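What follows is a set of structures for review.
Below, chain A partners chain B and then partners chain C, in two separate complexes.
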Partner chain A sequence: MIADLTRGILESFLPIGVVDILMPLLGIFIVVNVLLGSAIMLTYAERRLVARMQNRIGPNRVGPFGLLQGAADLLKLVTKEDLTPRAADRPVFLLAPVLFFAPAIALFAVVPFFRGWAVADLDAGIVYVIAVTSVSSLAAFAAGWASNNKYSLYGAVRGVAQLVSYEVPLILAVTSVILLSGSLNLQKIVEAQGIPFILVQPIGFLIMLVAVTAELNRTPFDINEAESEIVAGFHTEYTGTKFALIYGAEYVAALGWSAVIVTLFLGGWKPDIGGLIWFGLKTSAVVFLFFWFRGTWPRVRIDQMLALAWKLLFPLATINILVTAAEVLAAQALFSLEPGEALPVIALAVIAVVNIGLTVAVLALLSRVPGLARFDTQLAASAPARG
Partner chain B sequence: MVTLAFFFLATTALIGAFAVVTARNIFYAALGLLVSLAAVAGIYVTLDADFLALAQFLIYVGGIAVLIVFAVMMTAQINRASRSHRLWPLGLLTGAVTLAGLAYVLANAQWEHQGRADTISPMVGDAASPGLHLPDLLFSVYLLPFELAGVLLLVATIGALVIARER
Partner chain C sequence: MDESGKYWAIAAMGVAAVLVPVSLMVFSALLSRVRIRPVTPPDQEPRFQRMTYESGMVPTGTANVQFNFRFYLFALLFVIFDVEVIFLLPWAARFLTLGWVAFLGMALFLILVLVGFLYEWKKEALEWQR
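What follows is the complex of A and B.
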């Protein structure tokens, strides 16, 4: 509706060919700027929220309630001297922040903000999400390698190991959603959710949440920038605008992955009424979850992190796919559906009840496995003492 | 518009390929390869083969490039590799055979446009093109290549374990 209106205004004084090129550019301009603004506000929101959780006050001096803190920080970073270490590999060093930022922004090209509202409504939208974000491991390595600093390289090696490991359970968790919805198109996945897939696919949601936390390098998986061990990891040598780009890219990526989780598991823009409000609220809730993790949990060690991915999440996700596939086949046989047709709400409800039961059973069982219990006490031992 | 995009992407792919061959630094060569492969993915998009483009990007840019990065990371003193080029006759032979094969394919290919390139739908039961689905094809017509690829990956995994195991 707004798009048609804008189109009409532009066509009144421009040739139609130019308008055809201008309209997508305008859409991209709006989405990118909303994202950058949100990223700046998120840095403020995270600092205030984590401060609240840790019984501190947080930034409250710049503007009302400190709301302008993010903007002030950005101005400070942009006006800083642009340093490149003499030993650094200059072209790659300059390229790395761009490699971080590009996939984070590109993620939003396929996110369905509302029915029919997406910059590009790709048929294989979810494959696009996975393809684009797979560049981030390369960006982490480029940054660490080009800095020519041993702490940067340690951070980069950890980062690549982490991203490659957690991509496996992430893709498997996404596959279970594809099985249920019968489509790779994000709009169709939203429409297939008669019941939000978080209820139908609780294990998939948990795996996805953990894998995305690792993919975003957020606490408790932020070992590649662990300041207590390796200074600041792969971005040790970055200052000024380049650091602002890397830092901002992390928040844009957090927003992007939250939007993808909302689309896959929380029903996307549903319910229909209220426009963008529901999508915005759900995305904010998932982002808040990530902030909450940061305020609550200590950082894991690298071996614990890799063990979690390969020994727990990977087998669990594989079994989850087998169970989901069997359930979908059974539902198709019962309701005599064509392959790929969306499952009716009754079928989804039955699958949801079965899967929630299975999840509770699996979690109860896992808490009794001796190896995992040790893992738990190791985590507790490495946590700082509570005051 | 599409022609313009094609020439831009083709030039980028060639520049990337040239960088792969000429770069002394292995990481620069990897980046060049990445640019070249990403540009080829772009060419697939201009041919309406969206799924092929995404698969190309996912496997080559996200997978192969990371693999090369791992090789760079794990190999000690990679920048002091042998520069003596003792194997040049073998290289020449491989290059010549590849060139001959590509030339044969180019000369004998049917270049007439035959509708949408992406006739194999990646979707399970997409209404637009019923009948031909990637999973159905994979588990019927192309079952043997599919299984062979699986065996190859298994062999590679075991090989990597044998090499990496501490003695």
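What follows is the complex of A and C.
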């Protein structure tokens, strides 16, 4: 709608060929700028929210309510002296922040912001998302290795192990959504959601949420930058502008993954009223969830982190795919659908009811598995009885 | 927009994505030209200014050491299962059309993968400590 209007205005004084080239560039310009602005605001928002959760006030001095804190921090970091350790591998050390930042922004090329509009509405959109985000493991390792610092190296190898382990359940959770929608195109996945897929695919959503938290290195999976163990992990040696880039990239990536979760599970731009408002609200809600995790959970150990990925999420996600495929076939038989016909809302609703039941059963079952039980009940069992 | 136009848009987005961090770094480098950002000349540099950080101690040895071999094991696991996962994507995208035959084929494949996975589990390849 807005896109058509802009196009009309541009076409009134420019040849159509030029407008065809100009329109995507204009879109990219707006998307990138909005992203950078929201990343700066998110650093402030996280500090304020986590402060409230910890019964503190948080930054409230720069500007009204401290709103300009993010901008002030950026200004401070950019004007700091550029220090590269003498032992560092200079070219790779310089390259790593770019490797962090670029994929986080490039991810937004396929995210559908409105009905029928994304920067590039690729048919293999979700494959592009997976491909682009996997660069971050390379960046973490480049940063850790090039710093030539022991803390950085520990952070880097931990980070790579984590990113790589959680990529498998993540893609498997995405696959269960693709099964239901029958398309790799993000726009078509949104259109297929007569009911948001969080209801149809609750286990897939939970797996995706855990895996994305790990991919973003956010608490409880921040073992690669664990400040109480290894100083700052892979970015120990980074200062000034380069640190600002790494720090900002984490927030841009958090926004990007939240947008992908919203697209896959929460119905994307639906309901189609008010344009970007719904999409923005849902994305903010998911980002808030990550902040909330940080305010709530302690950090996991590396063996717990790997055990969670390989012993729980991977088999669960694989079985989930088989169950979902069987349900799709059953729905096709039950509602006598033609092969290739999209699942109607009523079929999705039936699958949703079955899957929510299954999820409750699985969660009830998992809480009885030794080692996965709640921490406090374990403590209570192991503590000596008091007389 | 036709398909090739989309890939041009992707390329433009990629260029923009690289340009943002690079331009910020260039900008802050220019700030030191106009003396807003401090620069220490190499001959006046304090001895410890660009030393590797090691909690305030003088660093011992290099950091390019061999790390725990278990990390390799998990990298290997990742390669195996990621290939499996890539195999799943085209199947899932066309599943609504393919029907029962595809389901049985993929179920067989996934069960084989899961059996291999259980074997690895049994062999304690997934344990951090043994």
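To be clear about the criterion, the second predicted complex is superposed on the first by the 348 of 387 C-alpha atoms of A that agree within 3 Å, B and C clash if a C-alpha of one lies under 4 Å from a C-alpha of the other, contacts with A are read in each partner's own complex, and residues count from 1 in each chain.
Here is the rule we go by: contacts are C-beta pairs under 8 Å (C-beta built on N, C-alpha and C of every residue); 3 or more make two chains touch, one makes a residue touch a chain.
The structure presented is a predicted model; accordingly, all values stated were derived computationally and were not measured.
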item	value
Chain C versus chain B, contacts on chain A by residue	C
Partner chain(s) touched by A:349 [first = chain B, second = chain C, both, neither]	neither
Touched partner set for A:24, first chain B, second chain C, both or neither	second
Touched partner set for A:106, first chain B, second chain C, both or neither	second
First, second, both or neither for A:131, with chain B first and chain C second	first
Contacts of A:165 with chain B and chain C, given as first, second, both or neither	second
Touching partner for A:141 - first (chain B), second (chain C), both, neither	first
Touched partner set for A:92, first chain B, second chain C, both or neither	first
Set of chain A residues, in rising order, touched by both chain B and chain C	122-123, 127-128, 145, 157, 160, 164, 182-184, 339-341
List of chain B residues in touch with chain A within their complex	27-28, 31, 34, 50-51, 54-55, 57-58, 61-63, 65-66, 69-70, 72-73, 122-126, 133
Parts of chain C lying in touch with chain A, wherever the complex brings them together	1, 3, 5-10, 12-14, 16-18, 20-22, 24-25, 27-29, 31-32, 36-40, 49-55, 59, 62-65, 67-68, 71, 74-75, 77-78, 81-82, 85-86, 88-89, 92-100, 103, 106-107, 110, 113-114, 117, 121, 126-129
Residues of chain A that touch chain B when the two form their complex	89, 92, 95, 122-124, 127-128, 130-132, 134-135, 137-138, 141-142, 145, 157, 160, 164, 182-185, 338-341
In the complex with chain C, residue positions of chain A that touch it	20, 24-25, 27-29, 32, 36, 78-88, 94, 97-98, 100-106, 108-110, 119-123, 127-128, 145, 147-154, 157, 160-161, 164-165, 167-168, 171-172, 175-176, 178-179, 182-184, 231, 236-237, 240-242, 244-245, 249, 302-303, 306-307, 310-311, 314-315, 318, 321-322, 325-326, 328-329, 332, 339-343
